[in-house]
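The next part holds the structures, each set out as structure tokens.
Paired with chain B in one complex and with chain C in the other, chain A is shared by the two complexes that follow.
Up next, the complex of A and B:
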């Protein structure tokens, strides 16, 4: 089922937590709502579920306006960060709950419910744990029970609110890959909320980034990662070096070096270029390209990556961060105090006043 | 000290305290009651005055417990699952009987319903007696015990949050089913302590 949201605005008292949101989730898509805390992503998700009501705007499921439909009649699966399992019920009763509370005429028979529960236990790889109570399960298992419970009602959309937020790193990674596979198997239109950009880029087909109640950028994970559309996006997706400069006819001039850029910027504008640490390469000799001259001040190898801090030797004398692979680092035999040439492989440039906001 | 040494010590002191302040007084009462033999005890509790006292106590329990359960549950539900204007005020109001001395509470009831009280003339005119009668006993008991159920349930329900209720809702259960299948089982231990 597709979801269309038009002009959704939400006010809590005087604060606007969502400002005129428009978006579409296509049938069968796995969409991530990504944003820092307070960006309004959870509120938006809860609105799709009917657990929260919009101050303005409409929500459509397959073209039907569900804005005023009660949560219990929307047929959505909702998975909470802290599982929200019914702790006094066995795992199998948790999963069967949605089927048992159906109206008599829609309710499956007892054997039907039982076989459905077993089928779901198998799907979430918890066969044989139906007789346990939630307190006897690990966090990852609990979340899989919660997922099975929400899938029992064969929801038209599946909504997950920071589903892996309470789990530790290892389980989290396993579960999110597993969610991806599960989504392929079931094909249910799925929306999940996360503040972890890695998670969103790893799992989703489409990503929508929210900040301050507004959509900042949307697109496929690779589009989002390759072309962040604002300083916020660069900063939110991971650390990036901020290089102040001026726009010229040839490109962007930073500390006397000009980086060729196809982005249109008016001649003479103050701009800030964002460069990711791993999108800088280092060399001992100047090539034909434009390089920033730097002095290595710190190296910090962590597993396969070496984090390097270097000081620019041009006018600004700012510190920049560079990440090299262990192999590249070893080949260059970098030492602290070395003068080197830093070549910027990729960057994004924005008006300096955008940056000021 | 390791756990092995101080664990029995803690358990022992808890039992000592309970014995001194709870079990011993109870024991004394029973010893006193049976000191002149079972027959005297039986005679004493079956004489009309005693029977009336027992009946009155039971009546008060029968009236107040269901009422408190109903109101306490409603109040706790409203206070923990919803955010509304006046919520804080309601919490304070529920706490008042804890803060007010029972003597003052008694005085308040006399001022309100006594012969010279606020409603006194009207009550007299309508031939209704509250103070020094059964309604007075029930009213006073209700006042003193009002906070118990709500106070017991609020922290419990607060800690549980509304996630489970919301989960139930999205699974297609209405308000009543959610209350019966999810909220009530989760708080039943709170009720047992009442």
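Up next, the complex of A and C:
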């Protein structure tokens, strides 16, 4: 089932938590709502579920306006960050809950419910744990019970609110891959909320980034990662070096070095360029390209990656961060105090007045 | 896990010592004294139909009062926890008043209200309902003094319940009533029962607030504590202790039963809501 949201605005008292949101989730899509805390992503998800009501705007499921439809009649599956399992019921009763509370005429028979529960237990890989109570399960298992419970009613859309937020890193990674497979198997239109950019980029077909109640950027994970459209996106998707400079006819001038840029900026504008640490390469000798001259101040190898801090020798002598693979680092035999040439391979430039925070 | 504080032998020893002085020894003394009067005197004291009627009234009125408090205590706790309204703090503070008030004061107030010429009594009289000096009056007094127990037992549990659990049930298609019946009530049952047990126990031993409104008509509105007081006033210590012993035995059996029920329920209803959000 597709979800369309038009002009959704939400105010809690005087604060606007969502400002005129428009978006579409296609049938069968796995969409991530990504944003820092307070960006309004959870509120938006709860609105789709019917747990919150919009101050303005409409929500459509397959073209039907559901804005005023009660949460219990929307037939959505919802998974909470803290599981929200019924602690006084066994796992199998948790899963069967949605089927048992159906009106008599729609309710499956007892054997039907039982076989559905077993089917779901198998789907979430918890066969044989049906007789346990939630308190006897690990966090990852609890979340899978919650997922099975929400799938039992064969929801038209599945909504997950930071589903892996309470789990430890290892389990989280495993579960999100598994969620992807599960999504392929069931094909249910799925929206999940996360503040973890890695998780969003790893799992989703489409990512929508929210900040301050507004959509900042939307697109496929690779589009989002390759072409961040604002300084916020650069900061949010991982750390990036900020290089202040000015726009010239040739490109962007940073500390006397000119980087060619296709982005149009008016001559003489103050600009900020964002460069990701792993999109900088180092060399001992100057090549044909424009290089920033740097002095290596710190190296810190972590497994396959070496984190390097270097001080620019031009202008304000700012620190920049560089990430090299262990192999590249060893080949260059870098030592602290070395003078080197840093070549910027990719960057994004924005007007300095767009500069946020 | 390493134990904190004194450890089992010391804390258990202290518990036994304390319980002995405060609870066991006085009760054993009571039983001991009763045994001293001999079977015949014991039987004579308790086989009196007045005693039997009083026991029946005490236990039934206490039970009804506990049930009423179970229902309305839950309701009050619900409103106090779930809603915000003007004067909520004051309301919350007033819940404990029946604890703080000297019971005789409560008894006098209730009697003057429910007597035929009292504010409420005069309204009920034309309908043919008499409250003061009837078992209904006794039940009202016992309800009054038992209310705080249920409210105070249910409040913290209700507060600790995760709203998301209810939302989850709603999203699965459950109506508000179904959510209450299948999710909230089972989680609150142990607390409600515990509160009712306390209210019941308190009501059994209540004297001050009841004697005024009861009117103490033999065979009709005499409660057990009153009979015991009557015997003591006539210096019939043997009779008093005999009745007290019967009361003690019955109370113990009932309270033990209530505790076993609670233990069984909380085990069979699974862990508390706190666990689900862990």
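General observations
By definition in this document, the second predicted complex is superposed on the first by the 355 of 357 C-alpha atoms of A that agree within 3 Å, B and C clash if a C-alpha of one lies under 4 Å from a C-alpha of the other, contacts with A are read in each partner's own complex, and residues count from 1 in each chain.
Here is the rule we go by: a contact is a pair of C-beta atoms (placed from the backbone, for glycine too) under 8 Å apart; a residue touches a chain by one contact, two chains touch by 3 or more.
Keep in mind that what you see is a predicted model, and the values were worked out from it rather than measured.
With the C-alpha superposition on chain A as described, chain C and chain B clash in the combined arrangement. Contacts of A:134 after superposition on the shared chain: chain C is touched, whereas chain B is not. Contacts of A:102 after superposition on the shared chain: both chain B and chain C are touched.
Contact with both chain B and chain C is seen for A:72 once the two complexes are overlaid on the shared chain.
Looking at chain A, you'll find residues 49-51, 71-78, 80, 82, 84-89, 97-98, 101-102, 146, 149-150, 152-153 touch chain B in one structure and chain C in the other.
By the touch criterion stated above, chain A contacts chain C in their complex at residues 49-51, 71-78, 80, 82-90, 97-98, 101-102, 133-135, 139, 146, 149-150, 152-153.
Contact residues of chain C toward chain A in the complex are 162, 164-165, 167-175, 178, 182-183, 186-187, 269-273, 275-278.
Across the complex, chain B is touched by residues 49-51, 71-78, 80, 82, 84-89, 97-98, 101-102, 146, 149-150, 152-153 of chain A.
Partner chain A is touched in their complex by these residues of chain B: 161, 163-164, 166-174, 177, 181-182, 185-186.
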